[in-house]
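Chains: A, B, C and D, in written order; residue numbering restarts at 1 for each.
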Amino acid sequence: MSIFIDKSTRLVVQGITGREGFFHSAQMLEYGTNIVAGVTPGKGGEWVLEGKVPVFDTVKLAVETTGANCSVIFVPAKFAADAILEAADAEVPLIVCITEGIPVQRMMKVQHFVRQRDVTLIGPNCPGLLTPGISKVGIIPGTIAKSGNVGIVSRSGTLTYEVLYALKLKGKGVSTCVGIGGDPVNGTDFVDVLGMFEDDPQTEIVVLIGEIGGSDEERAAEFIGDHMTKPVVGFIAGITAPPGKRMGHAGAIVEGGTGLASDKITALRKAGVRVADWPGQIAELIASK
Amino acid sequence: MKLHEYQSKALFAEHGVPIPRGAVASSASEAIVVAQDLGIRVVVKAQVLVGGRGKAGGVRLADTPKEAGELAARILAMKIKNLPVRKVLVDEAVEPITEIYLGVTNDRSANRPVLIASAEGGVDIEDVAHTDPEKIVRISIHPLLGLQEFQARYLASAIELPRDYWRDFIRISRGLFEAYVDSDATLAEINPLVITKNDRLMALDGKVVLDDNALFLHPDLAEMRDIDEEVPAERDARKYGLSYVKLQGTIGCMVNGAGLAMASMDVIKLMGGEPANFLDIGGGASAEKVTAGLRIILTDPNVKVVLINVFGGITLADEVARGILPAIADEKPKVPLVVRLVGTNEEEGQRLLAKAKMITVSTLEEAAQLSVDLAKKGNVE
Amino acid sequence: MSIFIDKSTRLVVQGITGREGFFHSAQMLEYGTNIVAGVTPGKGGEWVLEGKVPVFDTVKLAVETTGANCSVIFVPAKFAADAILEAADAEVPLIVCITEGIPVQRMMKVQHFVRQRDVTLIGPNCPGLLTPGISKVGIIPGTIAKSGNVGIVSRSGTLTYEVLYALKLKGKGVSTCVGIGGDPVNGTDFVDVLGMFEDDPQTEIVVLIGEIGGSDEERAAEFIGDHMTKPVVGFIAGITAPPGKRMGHAGAIVEGGTGLASDKITALRKAGVRVADWPGQIAELIASK
Amino acid sequence: MKLHEYQSKALFAEHGVPIPRGAVASSASEAIVVAQDLGIRVVVKAQVLVGGRGKAGGVRLADTPKEAGELAARILAMKIKNLPVRKVLVDEAVEPITEIYLGVTNDRSANRPVLIASAEGGVDIEDVAHTDPEKIVRISIHPLLGLQEFQARYLASAIELPRDYWRDFIRISRGLFEAYVDSDATLAEINPLVITKNDRLMALDGKVVLDDNALFLHPDLAEMRDIDEEVPAERDARKYGLSYVKLQGTIGCMVNGAGLAMASMDVIKLMGGEPANFLDIGGGASAEKVTAGLRIILTDPNVKVVLINVFGGITLADEVARGILPAIADEKPKVPLVVRLVGTNEEEGQRLLAKAKMITVSTLEEAAQLSVDLAKKGNVE
């Protein structure tokens, strides 16, 4: 078992003819993901990726024609909020938005709309989903992970790769890796994913990778303490980040006393989470379980 | 992106928020002209994008235009928290009877805007939040519906504002919220919002932080950026779309991804070193961007060693290598570079680095340890 | 039994110190309605109506202090949408808006917000509710109706009084009279109220008073045909109204071929509704049942 | 309130919708000046607030400024459906290749705005709706979120607009929707939206109906009201806040409440009479308002009898009586009045009427029957 994606996932790629969309569609196809459609307004009727994938003008038409049940979004930030709304309007049940840089007020509106529908949004500004050996939706390199019993949920992108890679080197495999994204407003949070891992029979241990800013990790700690029976290993990036400085993406700001890495680590430890001091230590803690 | 006080207040005024009469001046003579035009007692205020200017003597009252000119000259010669003062705002002096705090910002945990008010204005609102949290009132705003009149009224009632001022307070709250929405701000605050001697509500100071991701929607606001206020290296980084923050240590860092960049800095510190900066080249960086990033790090005189940590995904390792090599060829750095380069197209990247005889390692921990060692050695020499 | 209001109704009057709010509060008090609070921003702390009713600055405070569970709104059109939102935000479960002239786009937004909460809005631009002998919330003259087994739902104001009066002259009484209002966008429609009358043991026969414009009556006809067991008598005003002319309130416009009185009458008759040719005939049809 | 074509198009242009160059003219000489300025073939279009001007000859092409002047003179002398033409719009003549319909209005059944498009533009869209309903595409708009880009794209795709025009079509759709929102319209439509010979999308004709209840929010738009286009009696009625519609019958009606007013007219017709008007005095009318309403009815020469039907609720019966009496004293009507006055303060109202020896009856049916009888008698005399 895995969470979010499996062999029944039928993927539509929004922005499939763009540079990044095209590159990663090829990567996903190669990994075995079942890409059934692409969407680029104005290019409906074309076929891409060696004639394997039909392109549509609208998500609605793509869904009606191909039965797509999952969408991944690579369109530029300027159009990405509209792309999420289009997918939600077309009732695509799972939407993964890779795009970085969506204005936050716009994203608050989009998130409110999406939450009122029976639709799950992952991201934006996230690396997506990887269920090793089965399917990947997004940009996580497929080669750095093998299948196993570790569930990973992370606000970070490359730091997640670092952890996946270290686990693989230690011989540990992953059930599903979920990049929820580093933006201040996102569709799916730690608690949502932790609950799914708790219910997933394949997952036996969970890795949570957080970073400074916001209070998602604190809420995750509360959830872990109250509801999780499976062991959780954590890491929080930014223990040395100076307060008030913007560190790369909007999620990583220490806001007025809350959002500090040290507070998050304390909260997680209180909830019984073993928190690593450096990323490499995560794999050691998992291996030593 | 932060706006100056005078820019923030002008934005508020466009949305119907009363502000004192005044104008910005870049020299003593300009300040004299403004003070003469106003014709009354004025306040001369340093325009810098850091807090604490009051304590530093950057806000002063002047009874005459001549005095305003003298004070402006003195303030324009100041540095506040290392930032030179290049402009002063000369405003009519207003005597406040009451000082209120009023602000709107994004509530991350609710994914909604939140309007915040306190009867304890004029001071650092975060201090109030720590010492008297019950004195701060918050109203959560529906992200699609926006601020409603009754919500502003709740705030007025909750901070026990005398009723005679409710109508103005509601109007100002709506104006502030509109300014926040129309400018895609992440913070818009009036502190203090004062009741003046002649019974008016007025925004004496203002602060706006804009969402950098939304600046493309607001070219007029983007132009307000005060590039004089930026560290030159940060300005260059922005030009190339790099995320760079200057710090005080000796180990320059270049990493892809914010989380990995922070984690790299954390490991450096854990190993006993001090990072000289945060630098995230982002996802899918081109060789040019990498070159620019490395150049920025190498211009920092504090840097004793450079750590490059790239985990290729959307970013291609060979492209990164192709960016590192020209920077080294041009800049001929006197400090050592430690490169950790894995992921997509790793082999080709490693081949290019090996050809240039670069120091490469395979894990982040190794890279950090080696960098710390080299930095210490550098200090000893 | 009655619908919407009964002896447990605790009413807050928004706009109680205004001319109409004050007059009708006095009328409601006299009728026996339990008015527990009034709201006029800036007049909190006063007492009105011979010191019987305390005034509050906000609905929230009124509800917290007095346990009000129903609100009636008399504030001017300019402020009425805000008043509805304030009542909904304070979680008043039943909101009756008498005010006429709320801009329709604003009302679409308000209605969307209200529908997402566990709150019932009646109106705007309506005469309100009357449960003869028990309670009245709004402006329907109490003297023209007596208690009985006829449920009335109407889009009109004075036309409803006409019918109530005629029924009373024929000795017929009313369970509850519901004025849903004549605006194009309103909170509660015919179908909502018909369903409640169907379930109300006191109500044995229902009168539906419609008018030209929109398609509420057609949807009501469908509901009656599919779900109602109790007999329904109807009347539609505007059979002689010329198409395209605005007849007094925004609801009463015949829009491009739909909304005609004749179509509505046909639809109702098909659903088994006996439709009166003139208002006075309603009472005859009821009496002859 | 309806806007003229030239006003509607100006509103659209403010929101980025391309419209032909042109200007409005009130005389032949003004039309010549406009045509000269444009310097090309023009179209001269009657500006009246009713449909059917094309068939009536109110839209004509002119090759020269002189011809434009002649046509303007001719059109300005016309009456279209009884309305005198007081202005013409002189636009550059545009040759359309394709004519599209694009409109936004309130969808009453969904309580949301709806954007409507059809490849069959240029004709009456209601005719298309009857004959080829599948040629009309509708998109329901979220009332809080507003029109989204993808929705406009759906429309473009659904009406099979060639893709080269999608970008412009989306921009125009958003502009139209913005105009609808910003003006609190109940209808905003472009018909036709054309593709011109030189491949541009352009709004050739426009129609906007504003929400009268929202005019207080838009004083600039309220000022656009063309009072010349109103029947004088309707203008007077509006001044007093009365809702009045002139009809062709002989029985003047004054009623409180729109539903009751329509029902009263229905009963009149059922009894064999014809109402001369619809007049709703609204709720809680003052004596002055009643007096004004009655005067308006009495100025209609067709009126043979006046039926007053008031069911007091929020309206006070004695107040109504106090409004009727002065109108009668002043106007000394030659036609009979039938009054049915019940409800709140009925006794005092009846006492006043009895004192003035008015004809009173107790039910609507009686009132209608008597009015119809009196009107017929009036016709015989």
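In this text, a residue touches a chain if its C-beta (ideal position, glycine included) is under 8 Å from a C-beta of that chain, and two chains touch if they have at least 3 such contacts.
Keep in mind that what you see is a predicted model, and the values were worked out from it rather than measured.
The interface holding more C-beta pairs in contact, when C-D is weighed against B-C, is C-D. Centroids of chain C and chain D (each the mean of its C-alpha atoms) stand 28 Å apart.
Between the CA-based centres of chain A and chain D the separation comes to 54 Å, rounded to the whole angstrom. Taking each chain's centre as the average of its CA atoms, chain B and chain D sit 54 Å apart. Across the assembly, chain B contributes residues 142, 144-145 that each touch 2 or more other chains. Counting partner chains per residue, chain A shows two or more touched chains at residues 109, 113. Viewed as a network of touching protein chains, the structure does not reduce to a path, ring, star or complete graph. Chain contact summary for the complex, chain B toward chain C: residues 142, 145, 148-151, 153-154, 157, 163, 166. Within the complex formed with chain A, the chain B residues making contact are 106, 108-109, 111-113, 126, 129-130, 142-144, 181, 184, 186, 211-214, 216-217, 243, 245, 247, 255-263, 265-270, 275, 278, 280, 282-284, 311-315, 342-344, 363-365. For chain A in complex with chain B, the touching residues are 20, 24, 77-78, 100-106, 108-109, 111-113, 127, 139-141, 144, 154-162, 165-166, 182, 184-185, 209, 211-215, 219, 235, 237-242, 245-250, 252, 255-257, 277-280.
Those residues of chain C whose C-beta lies close enough to touch chain B in the complex are 41-42, 44, 57-61, 79, 82-83, 85-86, 89, 109, 113.
Across the interface of their complex, chain D is touched by residues 144-145 of chain B.
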